[in-house]
Structures are given as C-alpha cells and as structure tokens.
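Read through the structures below before going on.
The same chain A turns up in both complexes below, where it pairs with chain B and then with chain C.
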Partner chain A sequence: MADFNVNLRNIETVSVIEVKGYLDAHTAPELENIFNQLLDKKQFKVVVNFDELKYISSAGLGVFMAYVETMRENNGDIKFTNLKENVFNIFDLLGFPILYEFYKDEKEAVQKFNLQG
Partner chain B sequence: MNSSNNILEQELVVKSTTDNLALIREFTRTAAEKSGFSEETTGKIILAVDEACTNIIKHAYKNSSEGEINILVKFEDGKFIISITDEGLHFDPMQVPEPDLQEFVKEKRVGGLGIYLIRKMMDEVRYSTLTGNKNQVVLVKYLSR
Partner chain C sequence: MRAKIKIIHASGLENAVLFSIALLLFNLIFPKHDSTLLSIVNEALVFFTIFFLYNYLHQFLSSKTDTPISLVINVGILAALLYFILAITNSILDAEDGRVSVSFVNSLFSILLVFVFMGAIVYIFTTFRELFYLRQKKDHSMYFKTMLVFFALSFFSNLLLLFDAALDYLRDAFYVVTIVLICLNSVRVAWIAFLTKRQKYYLLILAIILSVVFGMVFAQVSDSKTMKQLLYVFSPGLLTLFSLVAIYGAVYFGVIFFTTLFHLPTAEAFDRKAEEVSSMMDLTKLITQVFDFKELADTVTTMTARVSNSDSAWLATKIEKGIELNSVHKVGYIDAENISKDILSLVEESYDRLEIVDCSLLNNLTKNNYNQYKSIAISPLKVHGNINGYLFAARNQESTFDKEDRNAIQAFADYAAVALENAKLIKESIEKERLEKEFDVARDIQKKILPSKIPSTETLDISALFVPAFEVGGDYYDFFELENNKLGFVVADVSGKGISAAFIMAEVKGVFKSLSKIIFSPRELLIKANEILNGSIDKKNFVTAVYGIIDRKNGKLRLARAGHTPILICSNRTIQKIQPAGIGLGLSYSASFANSLREMEIQLKNNDIVVCFSDGIPEAKNSNKEDFGYDRFESLISLNCHKNLEAVSNVIIKELSLFSRDYSQHDDITLVLFKWNQKQ
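Let's turn to the complex of A and B:
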C-alpha cells in the first residue's frame, strides 16, 4: 500500500538516487538496499534527489545517518537536493543542515562533487 | 446548531506491521481534516502518529506482526486527541535522551529520533500503562494553536 520508488542513475562519478512517494519504516529497507549496492560498487559520491518525495519519517532519515560517515571516510558524501518545504522542515528540525549539504537543484550538488575532485 | 456536530470519534485496529503505516496515516489524515486542521498541521499529526506506531511495531512488538495496535481519535472542544494502545513490551520513552545528530552519525547509530519528532509535532504527549498490561500513548493537538 505504501507507495515508494527509488531509482539510481550515474552522472560521471556521482550516483544520483531519486526517491519518490512515501519513505517510512516500511519502505526504508528499499533505500538501504540501494546504499548497500553503492558500497559494493565502491561508489561513495551520492546525491539524493527528493523532487518527488511526498513524505519522510525518522526511519527514512535514519538511512542517511547510517551511511553518511562511511561515504565520507571514502572521500565521498551524501548531498541532498530538491526538497519540498514539508520534507525539508523535518530535516531542519533535527539539525541536518549542520551536518549535510542541501542544494536547490541536482546539477549544483553534482558540480560540487566535481569541484572537490 | 447541534453541538454534537463538533464531536468526532473514530477507531482503527490494525496488526503490528509496517505494511499498515500507510493505512494508519490515511486514517489520521481523514480525521484531522474533518476536524478542521490545516494541511500543514495535519502533516504534523500524521508524522507523530506514524512515529508512535513505528515505535510500537519495533519496540513493543519487536517486529512481530501478531500484535494489535488500537488507534482511537476524538475531536472535542477544539482538542484533537489520539490514543494509541498496544499490548506489547513496556518501554519508557522518557528514558530516551534528546538525539545528538553529530554523535549518531559518528557512531553510525540511529534511533530516538521518532520520540523527539513526536514531542515537537504535538502539543501534549502522555505515556501510561493501563490495566491488563496495555501501554498507551495519548497525543493531543489544539485546533486554535
């Protein structure tokens, strides 16, 4: 019943994860699978595009918290783009903007990785 | 005008699986909208109920789908009251410290965020133990605030 979709594509060396629909305790494991696939392939530069995400609960937020340190230890990061206001507010309330980079659009986030090399 | 027009009472009983979170959110949305809450506040109430039920599924029932969650919503005198009851293990959310994101990320640890979000989303949050080993969390939102 929970409608969630996750799609992975690559822009040069950056992996872009598109999340769509409702990210909750039921659907968060699908996102974890994607992150595990990235670790297997040693892809540590990740942009998450939230353009079509309608809802997030702490189970979804927990996924980003669980993987970000591993990405950073390997010269990568998890950067966020295109958040709707209601979704950003939840991240903001928990203090994510201190620890994560947020961008208005995907290009900007991908470019940031390219600048960092 | 009949004052009973302002009173709403609805109940949802579901098994303790994360499958049911979408249904729980839909039930909560309908009741909150009927009670006159804005889209934004309805979103906050939905998140709080989702987090409370997720905690019950994970902690009270330890991810077993055999448990039952009872959600009773009432709207009366401008007060939206959601009582969520389970018969799982008792856990004391007051023992959960405020989350420190920096520490969590460093230790690759998650958890405790849900309880924090519930407190932020609602006007009142009360946890209690009922007779028959039932646990109950009561969430309250005032229409006027």
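Let's turn to the complex of A and C:
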C-alpha cells in the first residue's frame, strides 16, 4: 500500500538502519526482517536513521519495542536519529525519549556507541 | 415412455409371428402353388412376414449401434451359418440323384429351413440398414429408401413371369438397378472413422472374411440345385431377395475392407485426437468441482503424458523462492525438481510460451546428467499475462514434439492455469470471510466493553462519541462512580488492531474497573495498571491511557497521562494543552515508568470544557495524506465552546469526516467531553 523502504549499512561496529516512507502495520514486517538479520549476525548496536520517514504507526513503534530488550541484554542498544518534528512528536507523546536515546545526527549516535566501547 | 416402447416392440413381433404362422399353415395346406392366385397370396404373405420382421428387428438393433463391431460379428455368424447349410444340403442332396423330391420340398423340415433363411437375410439386411445410418451427418435416407423400393420391386417382379414369361427382362432390369443402388449405398461407411485403431484392425480382418463368405453364399445359391429349387418353389421372390442380400454383403464388406485399409494410417492420429477431446472434457468437469489443486494437478500431469505421448510429466508452481512441484507423473521428485530448475536457469526471465528443450543441450550446460530424457517441453501456466507456474512433458525417444503434441500440452497448461487461479481465489475468499468474521467479533467485543450509560449530572455535563474504524482499533473509554460524588474516567488506546486488540481492551477494562475502586490517585492507579499488564500483553503492544478523577462538588480535576494524547481544556475560548509526563503502559516495566509519571491537579472554572480524545482525531488523513492535526482541532473547539456538548462534538465529527472523506478511516475515533457547570 504505502511505500516503505529500508536500507542497512555499517559504520565500524554499528549497524545503521535507514527507514524511508510510511512505517505501519503493513510495512513493519520488512523492518522486522532487518532486525532478525542483525540478531543472526549478532550485531546489537543499532542506529535507526529517520531522516526520510514520513509516518510511523503504533505497529511501527512495536518493532523497536520488540527488539530493544535483546539488544540491551547483549551490551547493545537501539538509538534514534534525524527525526522530523511530526515523527518525534509521536515518540515524545508516548514517552519514548525517557526509554530511548534520541539524537539530531547519526554521527552523534555512532560516537556514543564508540565511547561506550 | 418405456411401457409404450415395449408395446410397439411387442406389436411388431406379434405381426411378424402372425404372418409367419399364416405362411406356415398356408404352405402346409397348399404344398404346391399351382394357381396364379395361390402364388400371389403366398408372395404377399412372404412379403409381409419379411416386412414386419424387418420393422421389429430395426427397432431391436437400433439400440445396439454403439458397438458396430458386434453387429458385424453377428452378421458374420449368420453368413457363416447360411454358407454351412448351403454347403451341407448341396453335398448331401445334390449327390443323391440330382432331383429333389417334391415330398421333401414340401415337408415341414424344408419349410423351417426356408424360415431360417428368411430370418437370417432379414437380420443381415436390417444390420446393413443400421450401419448405413450410423454416424451419418447428412440425411441420405432417400438413397436407402429408393433401394428398399427396388428390393420390393425385384421381389414382386417374379410374379410377372406367371403372366408372361417374356417379361423376364423387366425382372432382370429391376435386379440390375437394385445391384447398382446396393453399390451406391455401400459407400456410406462413415462409422469406420470413429473406431479405435484396434477395432479397425479387427474390422479389416472381419470385412475381408465376410466379403468372401457372402460371395461364396451367392455362388452356392446360384450353383446349387437343391436350395435354389427349394427357395424358388417356396417363393421366387425370396430367392431373388436372398441373392440380392448376398450381393449386398459381398459388396458392402468389400467396401468396408478397403475403406478401413485407407483409414488405418490415420487411425492413430484419430485415436489421439479423440482421447484429447475426452480428456479435456473430463478436465473441464474437474475444474468446476475440485477445490483441491493437488488432485487436479495429478490429473493434468497424467493426461498430459498420455495425450502428448510423453514418458513423464510434472507440474510446478511459482513460489516466492523459485518453484514448488505440485505433481509428478512417472518421474522422481528430485529429478523433476532439478530438471525444472536447470531448464528455468537457461533463460533470464521466464518462458513466455511453450518451448522444447533439447536435453543434450541441457546436459552440456549443467553439471547434472539427464540421460533418461531426450527432449522436454515446457509450457507456462498463464492467467491475465501472469505466469503462475509451468507444465513439463518429457520424452525419452528421439521423436520430437509435433504440432499436435504441443497444442495438447499448451491446452492442458491453460486449463491448469485457470484451475490454479480458481483454487487461489477460493482460498482468498475463505480467508477474507474469516477476517470479516474476526472483525465482526472484535467489533462486538468493543461494543460490549464501552459503557452504555453516560453519567451526566447537573454540575458535570458529559458527552462521549465513538466512531469505529473498519479494522477495529483499540479505543476504550469508561466512567467510574466513586465515593463523595467523585467521578473517575479513563480514555485509552490499545496498539494493534482486530481481535487481539479487542482482547487486550477487555483486559484493560477489567484492570481499570477494579483499580478505580481501591486507588484514588490517578498516578498510583496507572503505575499499578502497568504492573498488572506486565506479561499479559505482547512486547510489541502497548496501551496509552489518561486517567482522571473529577470532584463534582468543587470542579477539581486530577489526572495522569500514560503516553496518551494530551488533554485540552477550553476556558473562555482559549485552549490549554495538558500534557503531564508519562510513558505508555507496557513500554517499560522498570522503575522509569513510575519515575517519569506525573500527576496534575486543575481547578475547573464555570463552563470549562475538558476534551479527551484518541489519536484517531489528530491523525485522520485526507487524500494528500495530510493530518487533520491539532490546530484545526483546537480552533474548532474554541469556536464552538459556547454551544452545548452534543453540538460541539457533532461539529468536530462533521468537520473531521469532511476533511478525510477521500481517505478511509484507519483508526477508531473517540471523543469524550466534560463541561463543568458551577452551581450558582
């Protein structure tokens, strides 16, 4: 239905997921696939770049909730960067900023991972 | 109907029996037909006996035309019997003294012998008639009827000799014309084409034997003195008829022999075509009945192999990753799969039409070796231009697939494609029905969960409006009557849709309903609710909620928000957004949930409106995928806040549906309004 695109790349030990378009119940499984791949490769440090994301539904949010625990248990995390204002508002309303780290810029998030070791 | 037919049969037989008895008695009483009158009466009796017997046998035999070979065999047995009788009588009686005693001729035995002859020729002739009409596309009955007339004329022409012996030229003329007509009618042998190859071989041998037998019967009856005289004395017309039928038999079976001979080379092709047609008919029937695609695929591969003269056949459908075999016929699963993959790897895209793959080429290109096959035909299963799979037919002989074979394979592939599509559609519609049922159930649950009564009072007016989405969302609101004239309320939204959301909603209702009776702080209540929900909702799901308590005595509102949309308070046309900190229920079960959650207390003023809603309102979209947003929402409230609550809520819903009229409603919409009326 709605267009959605997801792209995965690596910066050193950190995996960067770029999400584009509309992330809802129909497109969420695509993102889940990416997370499953990361778990298979034992890559737990994840940065999600929202630069080109236009919309996120509760099903889209659910994907991050489903995987964050595993990432943190394995000394990793999911960090969010480059959120548009409307997308950030959705996260903010739900209280995500209390539970997740949000950054303006992708580099910052990657650096944070590197500092943590 | 059946009874009627029986009566006709019986009456036909009755007449025949009646006349033959009359004929028998007549011949016993008048052994010699000395006078002309006696001869005429005798001939008439013979004629009618034959006529009625013919009519009866015609009805009897016409029901057996499905098996022409057995009719031919019956004729053959009778012809052989006639020849046998003729040969015996000739050798015994002719040898005696060459002259037949009158007493013998007139004995009962000789009459019975004549009756046997009469019955046999009528049976043979009737069979010829049935064969003549068998499988005729055009109406040629004129020819046959003319012949019948000349048979009768030949029969009666013998009587002319009684008046004037010089009239024998007339008899001979009728005789010759009848023979010509016999020859003309003998070429109507359309039924031969419809026999199977085996039956044709059979008929070929039968026809040559019968042609010779009939020739010999004719020769015997012309040569012999005894039988000829016997028949002639009994009835001259019968002798003529007998020789004519013998000629007919010889000519007809001669023609059949040559026709069958010429049909033999095409017999195989004809067989195959016939098989193809009948297989197609079977398949068509199957398509409308079979819901199980596997069963149909088995039929398709079996029939394809048979009709296209292939040694093996198999059918594969396209799946996400490559292909899946549905049915194999006389080939191993692994082999078929490997061959299919190799053949498909020969081309970049897919096979758009039927192609023949030479296996030597395949063996060169791939590591695998398929010695068992020489050539393989591959035909796509195409519906609406989409290829859903392939039908394969493989041969181990050198002979290539000719046009007929390819057409047959293509036809079966087309049928399989349609059947595949049907099976898919049926599956989809069942699934759709199931989903619709699920939605119905979910909607039902939701309806029952929402409060049926709105507890409005003089001081606190309340309006609640709920618009369900097509796919049931998880909106929920409720009111709880508390002690000291206080009112508790909750507006919540369960993430997810359908039946799973409805179940969580039911659980959430239970949690809030019971907690509202024991915890009177909104913050404490939400913290407890989060603890209870731990483990009972999926990691992926969460619930946003606002819980508040309004004191109806003094207009004090206390509330806490767990990730839910903010609360709007409209006070004298200005909107205040109340958004105390707090994360959604189910997002975190650690201390951070309680640590971040804040409670607020607000003193309502007279005519203040408190607006609680779900994200279905600000996130409603128009055809350009723009949000309805908070600005439109807030301005609508402030513009209409002087009206009563029903009117405010109606205006909002009207504007909202106008805005998103070209876009389907994705989420439930909930709007709960409170208006505080301070007692004067």
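The definition used in the following text is that the second predicted complex is superposed on the first by the 117 of 117 C-alpha atoms of A that agree within 3 Å, B and C clash if a C-alpha of one lies under 4 Å from a C-alpha of the other, contacts with A are read in each partner's own complex, and residues count from 1 in each chain.
What we mean here is this: a contact is a pair of C-beta atoms (placed from the backbone, for glycine too) under 8 Å apart; a residue touches a chain by one contact, two chains touch by 3 or more.
Being a predicted model, the structure only gives us computed values, none of them experimental.
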Chain A as common anchor, with chain B and chain C clashing or fitting: clash
First, second, both or neither for A:His26, with chain B first and chain C second: first
Touching partner for A:Leu8 - first (chain B), second (chain C), both, neither: neither
Chain A residues touched by each partner, larger count belonging to chain B or chain C: B
First, second, both or neither for A:Gly62, with chain B first and chain C second: both
Partner chain(s) touched by A:Leu39 [first = chain B, second = chain C, both, neither]: neither
Set of chain A residues, in rising order, touched by both chain B and chain C: 25, 55, 58-59, 61-62, 65-66, 69, 86, 93-96, 98-99
Of all residues in chain A, those that touch chain B in their complex: 1-3, 22, 24-26, 55, 57-59, 61-62, 65-66, 68-70, 86, 90, 93-96, 98-99
Footprint of chain A on chain C - complex, ascending: 495-497, 539-542, 544, 562-566, 579, 581-584, 587-588, 592, 596, 625, 627
Sites on chain A touched by chain C in the complex: 25, 54-55, 58-59, 61-63, 65-66, 69, 86, 93-96, 98-99
Residue ranges of chain B in contact with chain A within the complex: 18-23, 25, 40, 43, 46-47, 50-51, 54, 57-58, 99, 101-102, 104-106, 108, 110-111, 113-114, 116-117, 120
